[in-house]
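First up is the structure itself, then whatever we jot down about it.
Order as written gives the chain letters A, B, C, D, E and F; numbering starts at 1 within each chain.
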Amino acid sequence: MILRVDRLAIELPAPEHPSPNSAAAVQELMGGRFGEMSTLMNYTFQSFNFRGRDKFRPFYDLIANIATEEFGHIELVSHTINMLLSGTTGRSTDPTNTPLEAATDFRNSYHYIASGQTSLPIDSMGAPWNGSYVFCSGNLKLDLLHNFFLECGARANKIRVYEMVDNAVAREMVGYLLVRGGVHILAYAKALEALSGVDVGKLLPIPDISNKQFPEARKHEEKGLHQILYRFSPNDYREVSRIWTGTHPEDGSTLRVVDGPPEGGRVPDHPEEPQLTAPIGPGLDQGMLKEMATRLFGKAM
Amino acid sequence: MILRVDRLAIELPAPEHPSPNSAAAVQELMGGRFGEMSTLMNYTFQSFNFRGRDKFRPFYDLIANIATEEFGHIELVSHTINMLLSGTTGRSTDPTNTPLEAATDFRNSYHYIASGQTSLPIDSMGAPWNGSYVFCSGNLKLDLLHNFFLECGARANKIRVYEMVDNAVAREMVGYLLVRGGVHILAYAKALEALSGVDVGKLLPIPDISNKQFPEARKHEEKGLHQILYRFSPNDYREVSRIWTGTHPEDGSTLRVVDGPPEGGRVPDHPEEPQLTAPIGPGLDQGMLKEMATRLFGKAM
Amino acid sequence: MILRVDRLAIELPAPEHPSPNSAAAVQELMGGRFGEMSTLMNYTFQSFNFRGRDKFRPFYDLIANIATEEFGHIELVSHTINMLLSGTTGRSTDPTNTPLEAATDFRNSYHYIASGQTSLPIDSMGAPWNGSYVFCSGNLKLDLLHNFFLECGARANKIRVYEMVDNAVAREMVGYLLVRGGVHILAYAKALEALSGVDVGKLLPIPDISNKQFPEARKHEEKGLHQILYRFSPNDYREVSRIWTGTHPEDGSTLRVVDGPPEGGRVPDHPEEPQLTAPIGPGLDQGMLKEMATRLFGKAM
Amino acid sequence: MILRVDRLAIELPAPEHPSPNSAAAVQELMGGRFGEMSTLMNYTFQSFNFRGRDKFRPFYDLIANIATEEFGHIELVSHTINMLLSGTTGRSTDPTNTPLEAATDFRNSYHYIASGQTSLPIDSMGAPWNGSYVFCSGNLKLDLLHNFFLECGARANKIRVYEMVDNAVAREMVGYLLVRGGVHILAYAKALEALSGVDVGKLLPIPDISNKQFPEARKHEEKGLHQILYRFSPNDYREVSRIWTGTHPEDGSTLRVVDGPPEGGRVPDHPEEPQLTAPIGPGLDQGMLKEMATRLFGKAM
Amino acid sequence: MILRVDRLAIELPAPEHPSPNSAAAVQELMGGRFGEMSTLMNYTFQSFNFRGRDKFRPFYDLIANIATEEFGHIELVSHTINMLLSGTTGRSTDPTNTPLEAATDFRNSYHYIASGQTSLPIDSMGAPWNGSYVFCSGNLKLDLLHNFFLECGARANKIRVYEMVDNAVAREMVGYLLVRGGVHILAYAKALEALSGVDVGKLLPIPDISNKQFPEARKHEEKGLHQILYRFSPNDYREVSRIWTGTHPEDGSTLRVVDGPPEGGRVPDHPEEPQLTAPIGPGLDQGMLKEMATRLFGKAM
Amino acid sequence: MILRVDRLAIELPAPEHPSPNSAAAVQELMGGRFGEMSTLMNYTFQSFNFRGRDKFRPFYDLIANIATEEFGHIELVSHTINMLLSGTTGRSTDPTNTPLEAATDFRNSYHYIASGQTSLPIDSMGAPWNGSYVFCSGNLKLDLLHNFFLECGARANKIRVYEMVDNAVAREMVGYLLVRGGVHILAYAKALEALSGVDVGKLLPIPDISNKQFPEARKHEEKGLHQILYRFSPNDYREVSRIWTGTHPEDGSTLRVVDGPPEGGRVPDHPEEPQLTAPIGPGLDQGMLKEMATRLFGKAM
């Protein structure tokens, strides 16, 4: 089971300007083969399906705990997309104004037809995320190798989206995820090392460009965020510290486990888009609405 | 962000016997269009994408909170599948024994080739769950209507899987989910009523067969579980009580919100399946393993 | 079995100008999850698969009859797309002129490579319609709830496409379909009411914006088109009148069944696009063509 | 637009016994790449998308008219599947009896979870039919060649399903479709000949086995059914006779157009399957049901 | 088994300018239903699966041999795409420069996120090629008819891409493939004729526009390339000459088999794109690189 | 370009008995995410798309050369499937005998409907291979890491299929592929080592079970087959020896490059299956056949 906290992993800055095609590009980090849906679901299923948990508890704890952090990552990507999409069309309750006209030429029409100018579990070309992206062989070494590869692939995707989009909200998100993804890469490398004795971490960085090249990542690393594995549980997954230990291969700093999630930032409030009747349209019965609001919520809406 | 608790929503009984084709059938409740992946992801995206949250807070809280409970449901379905699959093939480290021979005739070969006799995000025919199953129009009334329909469709699927599989572990899981799904159906009905004044709850049950027909559901309802909406958050989503209030349409009992998750049950330990090298194979270097175990975990594995 | 009439449900006006990306958007109403292929095929399969037809004849008749009308709707959407696409590229029999050059930048390349600048059973992003969009549980209440939801979702899609495209041909089509879809929504609401006593129609409109906001729909409603259920059969499906009866919830007007299809309009003639060799290319043997035309068709082509 | 007649193309005999896996096989003729959904939708879209209709009217009429017959073919395949599925599980309103137990081992679980033991737009492995199966290049010669090939491929599929299933209902259906498909093959061959002068019909039969090998087809041919092209329209598509003329290549008999559909047979009534709550479950409010039946249908249900 | 020769079928000219959307269009010839992946894989599987090879050797040899040529065609299409994509974004090792910014608006984002500005097995809308495009019934006549149709469909696609893209590299490639595809069409026509006596070649050209309309194809035909079937094997597939014999239906020239592949042209060298870390990024350890280069490759990289 | 040699990589023994469900399982090694289609196409596209080839020639040569060997692997898997399928149904030219009856209950109906009891590019559940399985980032380190992981995943799949199927033909094939796949794993490990200095080969074996556990693999390794990288080209890819050098990590034996393919074995002849009209049916005109055979092939067929 999980508990949810109504906070984002970081505070997201407002975008300088709405940007529909940037939002379309960022969708790759959500629903692409290497998007956050994939990391979330790969580790989640691996944790459910773990065989021999008691004997290999530190590995189980590590995978389950990283899975938990990934939920915060799909959340972060989703809100970034939403912020880039808000205001990309005309706000109007009169459909004859053709308020969505511009969307005809945008790259992702689902954002305007299927959703209310918000994120979907799809990639940058609109293809839906699917369960064949989940790898879960049951063999610990192979699953760890997969996870190591998956995180490196995800890193390549993040870097490329960073290079496509310079909107502050997107870069803030990508910068943070590069650092946290970096922690996950290293964690899986260390887990692999535990099984094989091979110093897999020496392969890093993959692709061969440092996080330090990205100011929005560098600022977090300067504060040591790359050394921290958060333990996302009130009481469980304590044996992550068996694996997340020692020093960081890049700067030799000491790795440490922090209990509980980061403090995080506010969940952004996404404004209404009346032309999409999101969340309500001009035809909602006002009397009914008022009555219900008073009765159920103790205030007018 | 979320926190994870290493507990299942309920304690799952051991299956009377392994049952590969029953496990294949139960997969529909995981990765089918009406499986728990769908309820989890629909409500999760709707919560990320909610527009006008402050004004419509109780609806946001309701959707986000139900999304959170759904994670516990994919977890429950996954462990049920795993328990049904454990022991379905011969345990052996010698591949020449053809330990997986029986699997050639089972309905789902992915359980034996892609996973280590464990669950996957696929349906009962092996088709992967995909993101096109997520509906998120942004219009509150339409999304609530969708959710009401989705839960009714999910209920129909659960009933049919119940009728296919009489293994205790599966029925215990389905019985519990029928009750919890029933809470979600009613919650969305009440939310729709708040917007429209229509007593949508009077449409229930859909399909037209009562939960009381299912002993494994009835026992929970006799304890009042159908009256409870758990609040799955340390501090947030408190306005669910604005909607989850009044009486239950079936027995007139009083609805109530309970803070925090149910106490739940132990996460079952899934035994090793050496023929699948899950979690390790006979070729793992024993010296290396011992050394690493001692160094990292402070004990021999 | 069906008979086909070479008439469209309405006369479609010529588009003011060709518009490839508008055509791409309109494809959502054809092959999207909520497009007309979905309504057509959902009700068609539900009619084939109906159990207990004699006992529940009015429901069978209703579903089968609405299915039949939907064929006219895919036809209408198709011709709208075709009219928007005609003339979007250069007409030429010389390929070295690069007559399709502009299409390189249009949103839907299938219109120019797979088809002859015409509609396909795909959505606005080019994803093909597929059979998983058909819901057919066999439970009458659940299927009716689905159909009610499907029509509401389809309505949301139509509204949004209306807001994207102001080309007269598209708006004429959408306006008509909003009215006819409104009839279907109400028909399914009344069918649900027959089973449950719940006044489902009071939930309307969903999304909460009235058809009267759309001039191209309003003009039809002013003539009472929203009160009419056409009976699309020479002799069958007469019991639709058992359900389609009483008054319209919005204006209290009397509902009525009309025998036979609407008079409709001409099927538009789509001009040849020689650069796509549609329907023939410059290399068709002229002697052969003439001879065959004379022999088979009694005239020169 | 279309009109629907509540008759099947032929009378279907009752199956000797229910046969779930035979039904699964027959699904290939519905939703496979070469199933009737494909022939229906290929010709339907080609008719919508026809360019230069006035000039090439006989070809348009032929394609539109064959499309219309194909609706009767998906109908026939659907009812065959339904008849094979009825009674394959235990009839019971008590789910604890595990009435669907046998279905756990059947080849197609969707028939028991997604539908009420009825057909779906899927193939013999459960993969959904999809719009990429529609070919519609706009070039008349290429489209006709495609249609000729498609019908030959469909013929091969029918023959193989015939060889898999000896249940009378399936063979009656396949036998009839072999003859009608044979008419379509020849019609497209003649249309190709009109454009090219090549006697394409001499390629037949493809695959190289005669319809006369199939008693259920032979009996229809002995009555001349292979000579008839039905004109499925009250008043339109009259120029089919320009192409469907001359003699049959196999037996030299004279081809002729018949106005109107065949007389056909009764639409079979599919019995209720209460364990699937199809069409209603034990929980439908009996008082409500009675009241509604009286009010709406003038009789008790 | 195969041997590979590091040569392209023809020398490809440098593109006049990079052209991302042209590259996206050309993808249809790679991964579309009628792309070269389809011709390659259809004939390859048909050759593996051939039944009765000894008796029907010339047909086997023909199919296997054409399959082999098709590998050179996916290669040619791939390099064309790569050449069109090189240089479409800014070259830079500093990601903060947003070097991929322009790609946000290009039609195919996978080229910039999934690949290093290079080809993928996808079509012009980004949909992946898939195995359902392979037709292999085992019936020789039907498979040959399919292949004849497939090649005609592929020809239509090539012609349309030619009409979309006037970049020299693309037209050189398409011109060559039109000629070679023309050889394959005729080869399958002749094989069909061998089985049926029907002069299928008289149906050509399909679509009805001559290769002579395309200067980049005409120049090859003027040199007789359309008369040659290359035998792509050191010692095998010699019986192709049983089928590839006689005269060409268009100009009466004599058909002939040439042993071995064409001389072909250089495989183009694709420049590094450092912003995509393709093939290496700025973070590759230079000392390591140098040491390895010296040790393994005997030179500095 | 490629040349094809009409030889298999090894001689395949006849299967002890036909085995339809074993064939279905073996399909995973063909068209699954980790099947031979994936290794073939991943490396093929990586070779086409290689940037900076001159500078990084040994890596290019390695990838291109391994791609070439993989063709021989899809060939081997295909013939194994075909041999397992031959004779699984009754041989008969009379369809009324229901010769395919048994196939109704087999796991893969496509083998009997879509193909002539032969292999298809699908996996063990019938899902088609698709292009999204191709990874090609352009970053050399990441692509090599991917290839290393892909080969390990493919190895796991092979082991499991070995454990499902004890038919000699399948085990002979898997045994050989385990050895050759082992060569590819090591080759990519060495390539990664060249870029990073990390002794990646020490991670092996993954999964942690030795090839020596498999007699059909062990026999090849005892002859040194695991030490050999074949160079599959008349004249190219010579720099593979820069990377494939040194000693084998498991037994310290010396690695070596062998010019040219292995001698291999005969391509098995697959018998006719007349009930599938493969390759011909009883309706092929015998006079025509004889005449054509004489004319074209110089002998009666």
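Simple rule for what comes next: a residue touches a chain if its C-beta (ideal position, glycine included) is under 8 Å from a C-beta of that chain, and two chains touch if they have at least 3 such contacts.
Small disclaimer: the values here were computed from a predicted structure and weren't measured.
Trainee: I'd like to know which pair from D-F, D-E or B-C copies the A-C interface, where a copy means over half of the contact pairs are the same by residue number.
Mentor: From the options D-F, D-E or B-C, the copy of A-C is D-F.
Trainee: Go ahead and align chain B to its copy chain F using Cα positions, then give the rotation in degrees, nearest 5.
Mentor: The rotation relating chain B to chain F comes to 120 degrees.
Trainee: Please tell me the distance, in whole Å, between the geometric centres of chain A and chain F computed from their C-alpha atoms.
Mentor: From the centre of chain A to the centre of chain F is 38 Å.
Trainee: On a C-alpha centroid basis, what's the spacing between chain A and chain D, in Å?
Mentor: 47
Trainee: If you average the Cα atoms of chain A and of chain E to get two centres, how far apart are those centres in Å?
Mentor: Chain centroid spacing, chain A to chain E, equals 39 Å.
Trainee: Between chain A and chain B, what is the gap in Å from one C-alpha centre to the other?
Mentor: 22
Trainee: Would you pick out the residues of chain F that each touch at least 2 other chains?
Mentor: Within chain F, residues 33, 107, 114, 125, 127, 132, 135, 137, 139, 141-142, 156, 196-197, 207-208, 276-277, 280-281, 284-285 contact more than one other chain.
Trainee: Take each protein chain as a node, join two nodes whenever their chains touch, and name the resulting shape: line, ring, star, complete or other.
Mentor: Shape of the chain contacts: other, as it matches none of the listed patterns.
Trainee: Every pair of chains that touch: which are they?
Mentor: The complete list of chain pairs in contact reads A-B, A-C, A-E, A-F, B-C, B-D, B-F, C-D, C-E, D-E, D-F, E-F.
Trainee: Considering only the defined contacts, which chain A positions touch chain F in the complex?
Mentor: Where chain A meets chain F, its residues are 33, 132, 135, 137, 139, 141-142, 145-146, 148-149, 152-153, 156, 192, 196-200, 202-203, 206-208.
Trainee: Okay, in this complex, where on chain D does chain B touch?
Mentor: Residues 93-101, 103-105, 107-110, 112-114, 125-127, 275-277, 280-285.
Trainee: Enumerate the contact residues on chain D facing chain C in the complex.
Mentor: Result: residues 1-9, 31, 37, 41, 44-45, 48-59, 64-65, 67-68, 71-72, 74-75, 78-79, 82, 114-122, 128-132, 134-141, 194-197, 232-237, 239, 242-243, 245, 260-262, 264, 267, 269-273, 276-281, 284-285, 288-289, 291-292, 296-298, 301 of chain D touch chain C.
Trainee: Which residues of chain A touch chain E once you look at their complex with the stated criterion?
Mentor: Per the stated touch rule, the residues are 21-22, 24-25, 28, 32-33, 107, 124-125, 127, 156-157, 159-166, 205, 207-210, 213-215.
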